[in-house]
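Take a look at these structures.
Two complexes, one shared chain (chain A), two partners (chain B, chain C).
Moving on, here comes the complex of A and B:
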């Protein structure tokens, strides 16, 4: 862990003019006194931390959910969420990490393990007794919306199975699926592939690692460095030849673009090439649209759809391209959420001491969805853990905007969450 | 006129004067100390905070170096909690060529300063921002010191030993008896600035520890003492760029020390001979020079956020010296005016440095005892002051206590983590006449916003204390708890675990908190004007909006009235007017 330095993140503490705008917008400090607010734990506390100090002076920074609303509203550009992540990493380096946080940081490993026998794994995890034990023994909240493993095979299994049917083309795009798509929600990947192919692009899916974000947000910087290093060596080559790397998980793409290089101080040529070549899938599709190259043969989708742009998407600072493109779909009645955060913030809301905080933070969003009326069938959101939290908080199924787009192209069944038979 | 009498009258509430009071009281003498403003109002409160190892003087001034290393060892025991054990580096930059580094190493060995050349890799690991072109690094036992706290606790130790410490008591005249050749100082007439009363203090011996003002005091007895006032400009950087004291390994010059003190790093200093220790201005070239030299230690320092610039005056003394103040000796000077000028009962102690204040006091009180004809050994080197049991402080100590005691909601000065209870206790237990006194007590307003968010809150608290004095008294009578202790002045936890503060107008008058608000803002502003660019300018624009636009403070009805802090900024305004004409 690098000590206090001219590090791009650490240095931004000097930008703070103490205005409190971050504190007044922070969704976490608004619902709990356990979190004193982003200014306090961020640029303020940072002046009391010493690189390589033998003891960390503070602990309430652990209640930062990492949602990055503070960064979004800061008028002077303090990287508050990153300062907090680095402070937490220092605490972890000093005090170690509970087993729970180690596990939650390793969703790739969990995904892999569960996928050997997904039905069994789902049963083993999702029964009242295990959840009770998981809470008592490990501190994973029993009500928290944990995902289920895919019982129809992983995303890569599907790719293999449908290898012959996949489009070959001169126009190519690289797809970063992330762990959730791989092990829990392969249908998100399928929707992405059919949308890209529908627009004439061959989809390359290279071997890839977890982006490392769960490790970064739990303070395990060294392990995250290994993951990021692997991704850089596998993906930078594509970026160097000019191929875009697109992802459906806004937090994975944000990690490749910004979080990993910044937090880990990882700025060599390949990492920077990858960083510059990575896109949120809707960010890239919008570029296609603006160049007049996106197919707009959308079928009407008569739905009332509340859409929440997750914090990690807003942190890309690219506007809301998913909203813009979904707006092209006939008869789709979009309602844009201005809620600050759903509360889950990756693995934050899974932790027993933070579960209720996450639900209280999410209340703003759940209320918004409720206010849209009885005839809402789905909500939409780009980030997997946020969708699970939305479903948990509203009891309505939630969809990724790429699923909505695929459905509008007539390629995807929103209810069954699968590509339509005969459509590749 | 109120009349008091004592064995020893000490003039000056800086580190030296307070040290003399402590030493004399421990030896069983009756002591009164008078200070015209707050403790550490002068040079002690405006220095860069370096606890010298002596390395800086090893080559040039070995006597000073020996004094420094001996006192360094003593203060680490007696004043442990006023010191941060940062360690120090002497670094050889590409500009510091020649044989100085080897002479330095040899000189340190000769005077007994532990000095070890460490591998560059180790140095850069510990201080990654150091200039990568540094070629050699020597480690010495430098430290950084909280001179505000140290002086407060030394005063407390003196009080516990029976001394009376009277702050805001200004000497009007020295009382002398006898004619030419047989004159003697027999005390002083002083003015209680707050109550506007005169007090006559009769003393067997009067010790002039007036620092940069010592010449003025001596003149009152008709004794010429030519203190060489060496102005030093210092510039504070918003956060600690280094955690070790960094010195250039060369002959002492301007801008060659970088000291991490509490939350800031201070680059210092210049050394300019000035005529008046009160009217200090900071010239643009002085700030430029500090930043330029700072870049040689930590490249990029000049582009980081600069918080503030200020100046202090070294009370240097060298008999018959007329040269540059930079080359005047740093050794202490004890003037026995009986021998030197034929004026008995009067001593002046000056020169020296913060690091040697205890030694200066020891030598002074030795002389006092000799003149009083008593034989009592000095005890200060082996007597820890109150609070020393806490051990050295560390950068995170305040944050740690605020977190452990869950005081996050009680912060008044958020930058420096000053809680409401800390302010209330300081006001209740320490004479507080201006908000600047609170700054010296608890670091109020010393952080990035420079009083932007805490000045109005603190003024509000003062209003409240004044209006609800009786209620707080009643509350204190009900709620027990151990008494508050000045030795824990810096501790957020202590302030809530002890007996609640009861405001006493006899301790702190606080007649007009609005006036104090105005004066504190002006005082903060004074240190900002020399560095008003970039990020600090942004900050000041926000502060300006808060105070001038929202609160309209420049139209407070108190305009025209004065507090003891007013003189500190008003001469600037007067000077500006003259320039304008």
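Moving on, here comes the complex of A and C:
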């Protein structure tokens, strides 16, 4: 039987008034007939999924990217994205999963493996022949913006190397770095650490697993449960003592807070304690700011910066704290994107049959960036896969808002993506 | 810096109130659970279409206001102020590129609904004005093969039955889209493209007879609406009008989009996906409202709060099978009967409407919610729009007029009163 329950979404089904606002906003159904739209695949198809039936009635749900725009705009609170995620898990339970999706769901393992010999791994993955073969054999789109492994060591290597220079303080914060920071983009973690230390906080980085989101969005709920269980075991204790757990990957923090407990029906005391103690890093910094405790000794950053709050950030329903805090930086000229989605949606746009859909979805965002003019040097976005997609779609480098903040504190070089020498 | 005003709800009431408040120099923010009810509405500004059990539509809405219940929002605002509010709204939307207008002399216009009934409206968007019954010229109602929820034969036949010369024509789906299935918003986006416009013009040329007005589903462009309308009118040398579709309704979406962009241009944030779930008050003053997030509730502090969450459909109220009927954010006192047997009359389309829909939040002359004894419930809370008691905007066809008039009146009161309390 499927490892899914319809527990928490069933009741919201009846709230659907068929107004089609979700379908009008769905970025995927806007560009392809393969996905008829959230209303049909979510609350309508759901009528035919109830009651332990042996086969799923609708396979187009696989084309839902899980971006959650439908949830965001629904005026009546139907949990459409969760309905779709569960429906996909049911299909996976019925039919099994291709090797590709198993691989894409395991970015922690991939990150670890590549990090043994990152230069070799980068060469092995990022050459035309391998990408061609990966597309032919596994269905991973050859043009898709896959990350490169860090060749200057992992984030944890850097932490070890700089152990003596790290700030010790009575004020402490726990950092959830996620897999991308650990293996591909350690500089995001460095930027986060220096920003937190600049504000007087000692940064604790406990052992942690992948948050499990790639598994959840590929329908592997049982494997995701193991990851979430490990994270709860390792992190809930900190939350219980009142330490905030902040993350720079908005999708990881969303998973710890809501996606994993919700989709896995994982609501015991430790999981709930972790949920309530977890913050998107800008959500937490905004709290500091509102309490008058955030340092605002920002240097001018004379940049035109298009900022896209990714879907997974918007799904937190916390407003746009990164935008609010970046607005404090002198001479930084922010332009807020209202594009619905960059298209990549985690691992969705890596799949050969979905690559073009992802690019068509992202066109709205790429156009927005282009409309900001020739003097734009960077874009900004909180989510790693979205940044990679943005770079792929606009040919401009993209930065995490924490890098922008670190740069404004004078602690970070935006071009080299490294902490400034002598600044820890 | 502390907000002066937090508006809860992003329908016509909330967006109008925010615009008015921003104009007055208040620091304002809008939060809403989802996209507002404008997405469902035909984009017209209806002031008063029907009164009581009268079967005929109201001809001159402003002359009939004093026949409404004594505490109806229009009677609290007063006819003159309500007219001024609507005129202010007309001017502002004109500045935003939406050309609203009505019949001369303050009469209601009558335009076809998607089933071919005449709908009384006070102001019509430019795209709907050529559909007014007053015009008299024959109509050709044009649909598209396979388009859901728009049936030209049904519309034409019903119009004929009411004395309007009308016939139906159906164009191939491929005129609009190569895609299999599209809703009205997606079709409007397709018509933003000049090539699709040209295909439509070419196809219409073959079916339209001289002297006919052309009625089309309201899909004539989303961003490029004015251009599409002009192109069709000029190229076909005929009057062209849109008939608002079932939701999603593009004319309502155009209005919502224009208002949101105008607010953004004034630095007002409209945050969607934020459901107000709780609040905290001290000594009768609201300190903050909380919205649901992925983890902890998020606090929104402000000096003043305007509740604009709408009526039953908009989400301002909820009910349960035990007969409890409540206001969703502050659990305000309601005039609605707390006995479910008294919520509805037996006939679904009873011309008098239903008690559950006429009930709601009672307010004083300053649009502050009051209890049964007439006492203000919270010193810094105001309410406007569909949730107000003594109006039934659906039965009266007064939804937009009540929204605009009460939003403007509430913001005027906030300007005068709020900061004394804060």
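What we mean here is this: the second predicted complex is superposed on the first by the 416 of 424 C-alpha atoms of A that agree within 3 Å, B and C clash if a C-alpha of one lies under 4 Å from a C-alpha of the other, contacts with A are read in each partner's own complex, and residues count from 1 in each chain.
The rule is simple: contacts are C-beta pairs under 8 Å (C-beta built on N, C-alpha and C of every residue); 3 or more make two chains touch, one makes a residue touch a chain.
Given the structure is predicted, the values throughout are model-derived calculations rather than measurements.
Asks: One more residue to check, A:47. First (chain B), second (chain C), both or neither?
Replies: In the superposition, A:47 touches chain B alone.
Asks: Contact-wise, after the overlay, does A:19 reach chain B, chain C, both or neither (first, second, both, neither)?
Replies: In the superposed model, A:19 contacts both chain B and chain C.
Asks: Contact-wise, after the overlay, does A:96 reach chain B, chain C, both or neither (first, second, both, neither)?
Replies: neither
Asks: Return first, second, both or neither, reflecting whether A:36 touches chain B, chain C, both chains, or no partner chain.
Replies: A:36: touches chain B and chain C.
Asks: Once the structures are superposed on A, label A:257 by its partner contacts, choosing first (chain B), second (chain C), both or neither.
Replies: After superposition on chain A, A:257 lies in contact with chain C alone.
Asks: Tell me the contact category for A:57 with respect to chain B and chain C: first, second, both or neither.
Replies: first
Asks: Does the superposition put A:76 against chain B (first), chain C (second), both, or neither?
Replies: Once the two structures are laid over each other on A, A:76 reaches both partners.
Asks: Determine, under the contact definition given at the top, whether A:330 touches first (chain B), second (chain C), both, or neither.
Replies: In the superposed model, A:330 contacts neither chain B nor chain C.
Asks: Which chain A residues contact chain B in one complex and chain C in the other?
Replies: Correct list for chain A: 17-19, 33, 36, 76.
Asks: Write out the stretch or stretches of chain B touching chain A in their complex.
Replies: On the chain B side, the touching residues are 126, 128-129, 238-241, 243, 263, 300, 304-305, 394-400, 403, 408-409, 411, 414-415, 417, 447-449, 452-453, 535, 538-539, 542.
Asks: Can you name the residues of chain A that touch chain B in the complex?
Replies: Contacts found on chain A: 2-6, 11, 13-19, 33, 36, 39-40, 44-53, 55-60, 76.
Asks: State the interface residues of chain C toward chain A in the complex, per the touch definition above.
Replies: For chain C paired with chain A, touching residues are 32-37, 39-40, 179-181, 183, 185-186, 189, 247-248, 253, 269, 271-275, 291-296, 298, 313-315.
Asks: What residues on chain A touch chain C, complex-wise?
Replies: Counting only chain A, the residues touching chain C are 17-21, 23-25, 30, 33, 36-37, 71-77, 254, 257-258, 275-276, 278-279, 314-319.
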